[in-house]
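Each chain gets a letter, A, B, C and D, in the order it is written, and its residues are counted from 1.
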């Protein structure tokens, strides 16, 4: 039984960790912290958690989280707050899986440029393994410190990787047009995430090279393929709570048919338990096809008229894009079956 | 390991059975039938099922479903089609859980009056136990034939039962104002269930004593309380896929405070694993609080100005209102822990 | 040409006034104030206003609003803020239409009890005419000070009035079960009005006699019918931006058929330009049937099994429930055709 | 007063024509036909039309539509059905505005290739003027036969035109990633347009060079700029009833800043009443910013890291993308002010 704690359990990714862990047969949730809601039950904030919400939140300072009480800590904190927490846990011998953006770049300057805040733990910037199992599994297995990927990045990297790995497309100038549900923007009320602002709407934001997931996509793909990847990323909010659907466009460098491209995708991921590649002729994956599960659903085609590869890549931002992938990483670093405790099915409807 | 089959697996309740059973440790899904989609995988129709969708559908006539292959059959058929199937399975020694409305009334005439079609198996009309465990658990335990309640009825009966059992309200003239998600109206495309007809809409239908769940509510409550219950039922479609939220109004027969009423509800359901009663002062249960789980979430209050008891009762129409309750009944008739395999948490977000 | 000003134009009802007035041939919008957005254009906040959004907002103190510049002022302020504004405008000879709840009760104590704040202009409490034209048209015509009704109240009062006026139902114990879109809860971000909290949800709140529109419904109906009306009101948020759909239940005092009841409703409102009564056999009015227009759409039926009258009453909370009705009142107090400038059609889709 | 008729008034674009024309001061709607709903009122099908729905539908064969009764006919028919209707009206001296795809290509073979059906009026294929006023206004003014553009095409062509006209981007390989509301897929119920299939979903379809609006975009842009335009078009359904938001990507051929690009867009459309170009620094246009109005809302930026021009272009598919643009064309061919009767404001909320 792996004993875990969650620091920052009252946010969406924290609540999703609790939801998923409630079905995990080999994990025991020892503690869950929240400064804002200390003393409350998580189920008071998320009534949908049902019996799994019977977890009393405590302030971090009042919570004994050491190597004696927990094996692994999930940091489900806002960006900028994990810097202060990860080093202490690591020093005390507790493994850390950080769901924030704080330790995704080896170079603290990249973090500071894109997140517009100082990196408060630069000595640890290159200590975390990047937790995208499909591209970096072997490194993750032995890790004590995992930096869990961004939600958009998971979708984009898994979708673009086969194109780049086989040098099918120009590595400079990929386009990632991604639509996300609202849980991606957190649970703090803002004019932008009100129902009236979002329902039946599509809201582009941070277009044309300013979203902080842009360099993370480039880093993940460059590191995995050895190429110098540069891309344009266009995030958009859609009228949904969960899910990210990315359309990825690449300029083809040589002729290839849709059938060949699809076969290449299928082969790339043939042993992956959490990646599904739709066959030629099937409907394109929609957002709903990944919601609630830890799956990334892919499909690819060639637009021969323009010489463009078109890829659809879908994940649930809270599961494969955050808490589910964190549990996948937990399984890997704990020597468990990688799929253990993760749902076979999504929400269906 | 209990071996089960699903007849009519391609509908919403069939797909939900497969989703839920994918987490059940003591059930083996042997066969799933569909006439329309025979030869396809269920996951082709419901991509969100993920790995749990790897179930090949077969025509019923091509499927060996006997006491040698299955212990229990779920009939997830449209109303009117279970009449033809249940008797054969029962005769062959297979237990049957019927999710349709076909065997809910002991008197076939009531069925015929409200469903506007002949009862094709009148000899079996009084053979099924009504599968609402919270009110009829002991009868269900020994049953070989269970008629699973209607979704609206589950919500209304669990909400109104404490009022009637303690004779707090007039049994003639309860009002049940219920809002349902669209999965309640099935997967056949109609003008009424198009996105354009429903999004951001509220659509009342079959008001003022014509919906077929009216007599089933009255039957369930009358049978459970020994009173002659008559009520007004107002179904309304809301812009949601899942869930039923009922507001129930009863004319109080004597003075009682909100605190006393809430305590009475809590006591009534104190040992029920799938009923939650919100304490006084908590927010009222919303639709989301039950979505994805097998829970019924309740709260009650007294409007002293008018002498009215007001109850909110929420269920997920596909889970506690259909497939989850069917699994709860499966557990009961199979001698398993009643909660086995049913999710502790709902969808949360 | 009637010259008008809007005080508090940046809220939802202010923006809706501007939208509607942009089609009014006899009204000139002279000034629009906002403290928060002074210096901005209204179209910067509401891009959907298009060319009609070309209205520069100014702080009230910088805006010359006197009888020389405007004939009528719309106060589109939060509750509690009109107290300070109305008296000055009235004293200076400007007519006032107040969209807040500040002047709806003749007795300031009722206001204070239900709004939980002091009434800051008690001398004016009984000076405003209650602006529900269908029930109080003649009084409105000569008024200089109109208190525009609450959105829920408009729906409930127009739906319940025919039942009470003909003494068909018990005036003690009406039930109003009302579902509202989110614009009803204002544009200030709160956990309760985030997209993630509301999408595909139904959220009951302030049930069982605590919502501040309860006494206003009772006041409007009591004043219009001479009876002592007491009712239970159950507001619920639904996954929609606009619209209120109320189901109203009354205990019938004598036998009446659905056809007779419908005929009575049709006759009651036969000369009303903004009330439509659906005939027997037509589908029940849905929320969408009133969205975007100034119409109240009604239908009625009798549940003979329980002796209950069931009425559906639908309005757009921003139009007939607020800004459209305010323009209807403007037309009345200005001697214009009551329907002038108000749209013949709603949004359709 | 221009007298008009609508053939095929029961579809979404027909209903939207009626909604918009109800505010037009110089148009008289003489007749509206429907084969399916002959004898009904349009308001019976679209209750939201309110008083504007008081239009009795008649079968075309029973409707006297000649040069003596009408000046202009709107054909609001499904693709393939205008072929049979347009020639007769034109021959009889009635002007025709066709909202279908039947007369958009001068070469009938292009139609047949992409619409997968024969062109039944090839003699008329090159007779219609393409009704996109911003690009072809002068030709439209004198026309008797206007082919109204496709909804996606309106959004894409207005967004891409400034890029191509100034030869800023490679004309081969533009990418148009477009999200549309569900009214774009018509009012015939299908599994794909059910609420359960679409709510909170994003559904890509006909990707990679197979959607029939692809050649129309290329035709419109090639004709307007004299270049040979080839592009990749990716349509996606989103959880909305109205609106199209396109992201358009072009490979820049020379250095240009976001400020310069925005200034170029603003200048291109400086005299256009229905095109708005957002200034640098404003939020990106969202879907809601065009819903309900005849506006096309644009913004542009440069991603300097990849040398890509990024354009957002939003229209309401039923207004600027169909019925509003048809009225704009009506005004042009009738010698009226081009903006007459079209709303200044959209729906706002």
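Just so we're on the same page, a contact is a pair of C-beta atoms (placed from the backbone, for glycine too) under 8 Å apart; a residue touches a chain by one contact, two chains touch by 3 or more.
Keep in mind it's a predicted model, so treat the numbers as computed, not measured.
Colleague: Please identify each chain that touches subunit A as well as subunit C.
Modeller: B, D
Colleague: Tell me, please, which chain's centre (mean of its C-alpha atoms) is farthest from the centre of subunit B?
Modeller: D
Colleague: Is the C-beta contact count larger for B-D or for C-D?
Modeller: If we tally the C-beta pairs in contact for B-D and C-D, the bigger total goes to C-D.
Colleague: Express in whole angstrom the distance between the two chain centres, defined as the mean CA positions of subunit A and subunit D.
Modeller: Once rounded, the distance between the two centres reads 39 Å.
Colleague: Could you give the separation in Å between the centres of subunit C and subunit D, each centre being the mean of its C-alpha atoms?
Modeller: 36
Colleague: Between subunit B and subunit D, what's the gap in Å when you average each chain's C-alpha atoms?
Modeller: A distance of 46 Å separates the two centres.
Colleague: So which stretches of subunit A touch two or more other chains?
Modeller: In subunit A, 12, 183, 196, 199-200, 239-242, 283, 285-286, 288, 349 touch at least two other chains.
Colleague: What residues of subunit D sit close enough to touch subunit A in their complex?
Modeller: Its residues touching subunit A are 172-173, 175, 177, 179, 181, 196, 200-205, 207-209, 214, 230-232, 234, 236, 238-243, 245, 247, 249, 251, 258, 283-288, 291, 301-308, 310, 312, 349.
Colleague: Residue numbers of subunit A touching subunit B in their complex, please.
Modeller: So the residues of subunit A touching subunit B come out as 12, 15-16, 18-19, 22-23, 44, 46-53, 183, 199-200, 241-242, 273, 276, 282-283, 285-286, 288-293, 295, 297, 318, 343-349.
Colleague: Over in the complex, which subunit C residues touch subunit A? Could you list them?
Modeller: Residues in contact with subunit A: 12, 182-183, 187, 189-191, 193-200, 239-241.
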